[in-house]
Amino acid sequence: MAGSSFGKIFRITTWGESHGPAVGVVIDGCPAGLALEENDIQAMLDRRKPGKGEYSTARAEEDRVQILSGVFEGKTTGTPISLMIENRDHRSADYSQIRDVYRPGHADYTCDEKYGIRDYRGGGRASGRETVCRTAAGAVAEKLLGELGVTFKVRPLRIGGVPAEKEEEVKDLLEKAVREGDSLGGIAECVISGVPAGLGDPVFDKADARLAAAVMSIGAVKGVEIGDGFAAADRCGSENNDSFRADESGNVCKRTNHSGGILGGITDGSDIIIRAAFKPTPSITKEQSSINREHENVTLSVKGRHDPVIVYRGMVVMEAMAAITILDMMLENMGARAENVISFYGNRK
Amino acid sequence: MAGSSFGKIFRITTWGESHGPAVGVVIDGCPAGLALEENDIQAMLDRRKPGKGEYSTARAEEDRVQILSGVFEGKTTGTPISLMIENRDHRSADYSQIRDVYRPGHADYTCDEKYGIRDYRGGGRASGRETVCRTAAGAVAEKLLGELGVTFKVRPLRIGGVPAEKEEEVKDLLEKAVREGDSLGGIAECVISGVPAGLGDPVFDKADARLAAAVMSIGAVKGVEIGDGFAAADRCGSENNDSFRADESGNVCKRTNHSGGILGGITDGSDIIIRAAFKPTPSITKEQSSINREHENVTLSVKGRHDPVIVYRGMVVMEAMAAITILDMMLENMGARAENVISFYGNRK
Amino acid sequence: MAGSSFGKIFRITTWGESHGPAVGVVIDGCPAGLALEENDIQAMLDRRKPGKGEYSTARAEEDRVQILSGVFEGKTTGTPISLMIENRDHRSADYSQIRDVYRPGHADYTCDEKYGIRDYRGGGRASGRETVCRTAAGAVAEKLLGELGVTFKVRPLRIGGVPAEKEEEVKDLLEKAVREGDSLGGIAECVISGVPAGLGDPVFDKADARLAAAVMSIGAVKGVEIGDGFAAADRCGSENNDSFRADESGNVCKRTNHSGGILGGITDGSDIIIRAAFKPTPSITKEQSSINREHENVTLSVKGRHDPVIVYRGMVVMEAMAAITILDMMLENMGARAENVISFYGNRK
Amino acid sequence: MAGSSFGKIFRITTWGESHGPAVGVVIDGCPAGLALEENDIQAMLDRRKPGKGEYSTARAEEDRVQILSGVFEGKTTGTPISLMIENRDHRSADYSQIRDVYRPGHADYTCDEKYGIRDYRGGGRASGRETVCRTAAGAVAEKLLGELGVTFKVRPLRIGGVPAEKEEEVKDLLEKAVREGDSLGGIAECVISGVPAGLGDPVFDKADARLAAAVMSIGAVKGVEIGDGFAAADRCGSENNDSFRADESGNVCKRTNHSGGILGGITDGSDIIIRAAFKPTPSITKEQSSINREHENVTLSVKGRHDPVIVYRGMVVMEAMAAITILDMMLENMGARAENVISFYGNRK
């Protein structure tokens, strides 16, 4: 219960620090008989890779995933799928600059307060490095979701306050940030299509709440909204309510989708829309003031190459977390009606 | 696991529909020896009562809480605390208007899709009525948190797009909404002071993620942010990072609190700041178009007296959910260091 | 997580002390659309009632169950089913004899050690009274299991060391125990038929392990075995292995059922056989030596009418716990194969 | 929730099949600051090694544990401890004999029924191989428990029906079993000393129930008892109740320990006594009848070297599971009293 696991039926547990020999994830509860090979996972890891987003760091991070268990003759067996990604060159860095200093915006101080000990070589578990494991698990979830007709689209909406479609302006901003040793925040959106109506529960495990927890658990995310989110707060009910409508065949749709595909915590069959606010990368080379472990005031500059913005890589992690959550809710939902349970076991015998 | 429970150590389970005989909550895991009586809980229920917020509905809802178990001679015994609140006059209403119609913005359609059956007398579990149980449980959490030096402040920030401090303007807006049979959304803020550093976990159970899930599980909430939230996304790192600073006695503080008291998922000892976006009340008397259970297009007007805005009552529920989450993290955190475990059992024997 | 909940999908939470106003149980995760009324539950409560077993106490305990939520127009709605049973005459007793004394064989001492406070009016949560809630929840589980073709049979095997079929001898033993202010232990067996193959998981959540936890969580149970249990330990493999066999239609059966219907933690379609050892009722009028809260040596005799043997009532609770466990595993198992998940959502859309 | 995790605060997740590249375990929730190195774990793995028990198989299984995360500079960091043990020579075997045949007493048939797919190279997850992971996690638990004054002793009680102290007779039995291609069952006992009073909860999470689930989840175990267990069922209350007694300093002890250190589900400070019945090894070379995947009747003989008895190795796993359970309850118990929570956070600030 120390918080390295996520999900109820499709349940993942991640492990590993940014500067240990490897990181990994154990997926328990993946249905058996799903075709799965390392390449299925690798493709999604590559999307998260630095350098894919044009402005992400050029540091060569060759993330090769290995399947250690749970797959036999190309199919999942229903047993835990253990995935491991080695950390290349994790021994070579020079940590002297951050060893005794609490970097602003990082978990250095809070980890020391909680545990009384900290892996000073990097962000430890709070490092973005951990998210490679979530991405790998998300790829497995998406493999099955693909067969269930569920698809995902993520895109940046804003970078440093500028709409992402203004590409030149964003480019200039990012180059300026790199030049000045600074970083930028941004907003990303994930749209999930093909989700059946009926997922989620009406109280604590509302689909909104579970997706919010999923996305807010990504290190740099400090805000989450579903559908119109904060904009809905400025509206009146007659504007914000989505009218239902039936076509001549009796198929149900909504005229609008302000609710982002979730009503009363349960999916309504429309697209699910999630937006996340990513704070600017806390690692900056610009000089900052802080304290050290002896609680003395110091100044520091975080050397090394850092992503000037987290959004491009972070939105892949956001998609992965959303995929894990949706699949988990789909599995959980199968027993919601007595008639379905009776038919399942009746047909089986 | 059907989502009516929340929390890990201090764990609550709510039950009851808006139109059944009663609603209630079972609190499992409340530490023993806490002085507790019904009045401690009643005070918080009264804050949530309609009519307390000036613009909340005048319908007389006399919520009297009963303690059915877990308290003996005025103190908690460590066993489940069962709280029940009867639903007065729950039999008298006329449901004919909504029996076969799916109200826009409500869970009517989605519940029918999930369960194939719906309590058509009201919102069922997705009703705001359920939140009286959370509020009662929150009051118990706050009783213990008070002895731990943790305090809560909630306030409305915006109503219908207008800053809440412009009281006259807000009043006019609300009166107009009532007159027109419409409703308004709004934003509320909860500030939690006195939280020790070190709560929360660095990965999935980040303090941000747990608070986000807690608050987003309130029916009308469609957006949550911690600290500066979405505003941080428009900033650069050198602005957004909170510098640590030590005074001459070595006490640590931060110059700013953009992070809202949480770094890398773990509390840093500063105030925790949460904001929630509440959508406008979906029940409006203005005519809307929708469909019925036979998937025919219809128009409807939701009769009865409704809160024109949820924020005033909802922010009390928000405080309750935050309290439950904070206490839960405090209990969980006690075993984070081996030295504390050794000292606890060493001193005891 | 303080241990008043049981189950993963079909999850129950019990509350209430033996001497409070009521006891109750909240069932979360019961599939929607199951026909359910109070009489369905009452029938099983009546089987557990003292006086039903010929040698159980004559104290009139009229347990009337009330359904407070989760059922609408005679069917479950998928939301929490809250059941309450009032404690009649719970105020009348005289507790002076046990107020400050730790009764041997009871949880008086251990509760005081754990919580620093104890409801001295009775056994509190550790009382047999709590099991009325499990029985009520078990009745709900059995209602659905009945439609799934799963049936339960419980019977006493031994009472005070004598085979239960020697009815006269047992009767004499029990009368002697009552006469002498003493009590007897015994062994009961539960046989579950119609369980489909494939339930349970191969590692920690083996069907054996879950059933063992379910049954061992009944207060008086100190031993559990599945199939031949302890007898299997004295055998060799060639005797103990159950040979599979196929009839001409290819239907699979086993020549023997030493394994009690579970292989490698997963059900094999044969009858599941569980046996539990119940210790003798710890409340006896015979004089015993013990200590009081001040840790002084005292003697005591527990006045009042007590069941001379727990087995007859306990085996109904055993059946209830088994039913809850089996239904939970059936619900959980529905997503075990990818093909079933695909077919479920494919057929649905 | 697919059952590869165990524990609530100190929570382990195992992964890996008998014939994959490796097996492993992730321990989440281990307190930070515990001195830990691979040798601490290796020692316990060596105790479980085949060949250590005189009659265990001679197959060279060199289990070398690697710590992949969660330990920094020789101390646990509070983050997940990932342990991996490679499977040597896992590619070399010849599986043709069992590929299409369901071995009696194994999970071959039930896994196929559940998942529709089976790793036919061995027992998969249901294999004894998985228990090396539990043993490794148990070693970590015991490291901390050692500092808390808790110690474990396991021993065989009976082998093939013969008391284990009759060493010559047991030796003859085992040699006969090996000669005849057969196997033997047995009973082992685990005694845990130094456990503080107050662990466990009074209802579903009774210490007895948690230990029973822990031990019954070991593949070959088909029976569990606490204290006198089944023997208590043949006794009367005046014999079975353990009288409390205080010495002149007011220290509490019991005259007897029939209850095995647990009263009402909560530890009483006496030794905890658990016994487990291990069935005979199901893999035997003696010819058996069974069926194949096409449900045709066949005969088979399971070739290869097998342990003629599981008890010697299994009792180390039993100790490991008990250690994990006890530590978990100790961590969970720290917040049981409000006064302790207040004192913990009061002293800290």
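Going by the order they are written in, the chains are A, B, C and D; count residues from 1 in each one.
Note that contacts are C-beta pairs under 8 Å (C-beta built on N, C-alpha and C of every residue); 3 or more make two chains touch, one makes a residue touch a chain.
Please read these numbers as outputs of a predicted model, since none were measured by experiment.
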Study note, to complete from the structure: Any chain touching subunit B and subunit D at once appears in the list A, C
Revision key, fill the gap. Ranking A-D and A-B by C-beta pairs in contact puts on top A-B
Point to revise | Self-contact between copies subunit B and subunit C, residue sets same or different by half | key: same
Review point. Roughly how far is subunit A from subunit B, going centre to centre by Cα mean, in whole Å?
Key: 25
Check your understanding: Cα centroid separation between subunit A and subunit D, in whole Å?
Key -> 36
Review point. Residues of subunit D that touch two or more other chains: which are they?
Key: 1-5, 8-9, 14, 29, 32-33, 76, 78-79, 114-116, 124-125, 202, 332, 336-337, 339
**Study point:** Residues of subunit D defined as touching subunit B within the complex
**Key:** 1, 9, 29, 31-34, 76, 78-79, 144, 147-149, 196, 202, 330-332, 334-342, 344-346, 348-349
Check your understanding: Across the complex, what residues on subunit C touch subunit D?
Key -> 1-6, 8, 14, 102, 104-107, 109-111, 113-116, 123-126, 130, 158, 160-161, 177, 182-187, 197-206, 208-210, 212-214, 216-217, 219, 221-230, 232-246, 250-252, 255, 258-260, 262-269, 277-284, 286, 288-291, 294-297, 332-333, 336-337, 339
Study note, to complete from the structure: subunit B residues touching subunit C in their complex are 1-5, 8-9, 11, 13-17, 20-24, 26, 28-30, 32-33, 68-70, 72, 75-82, 84, 111, 114-119, 124-125
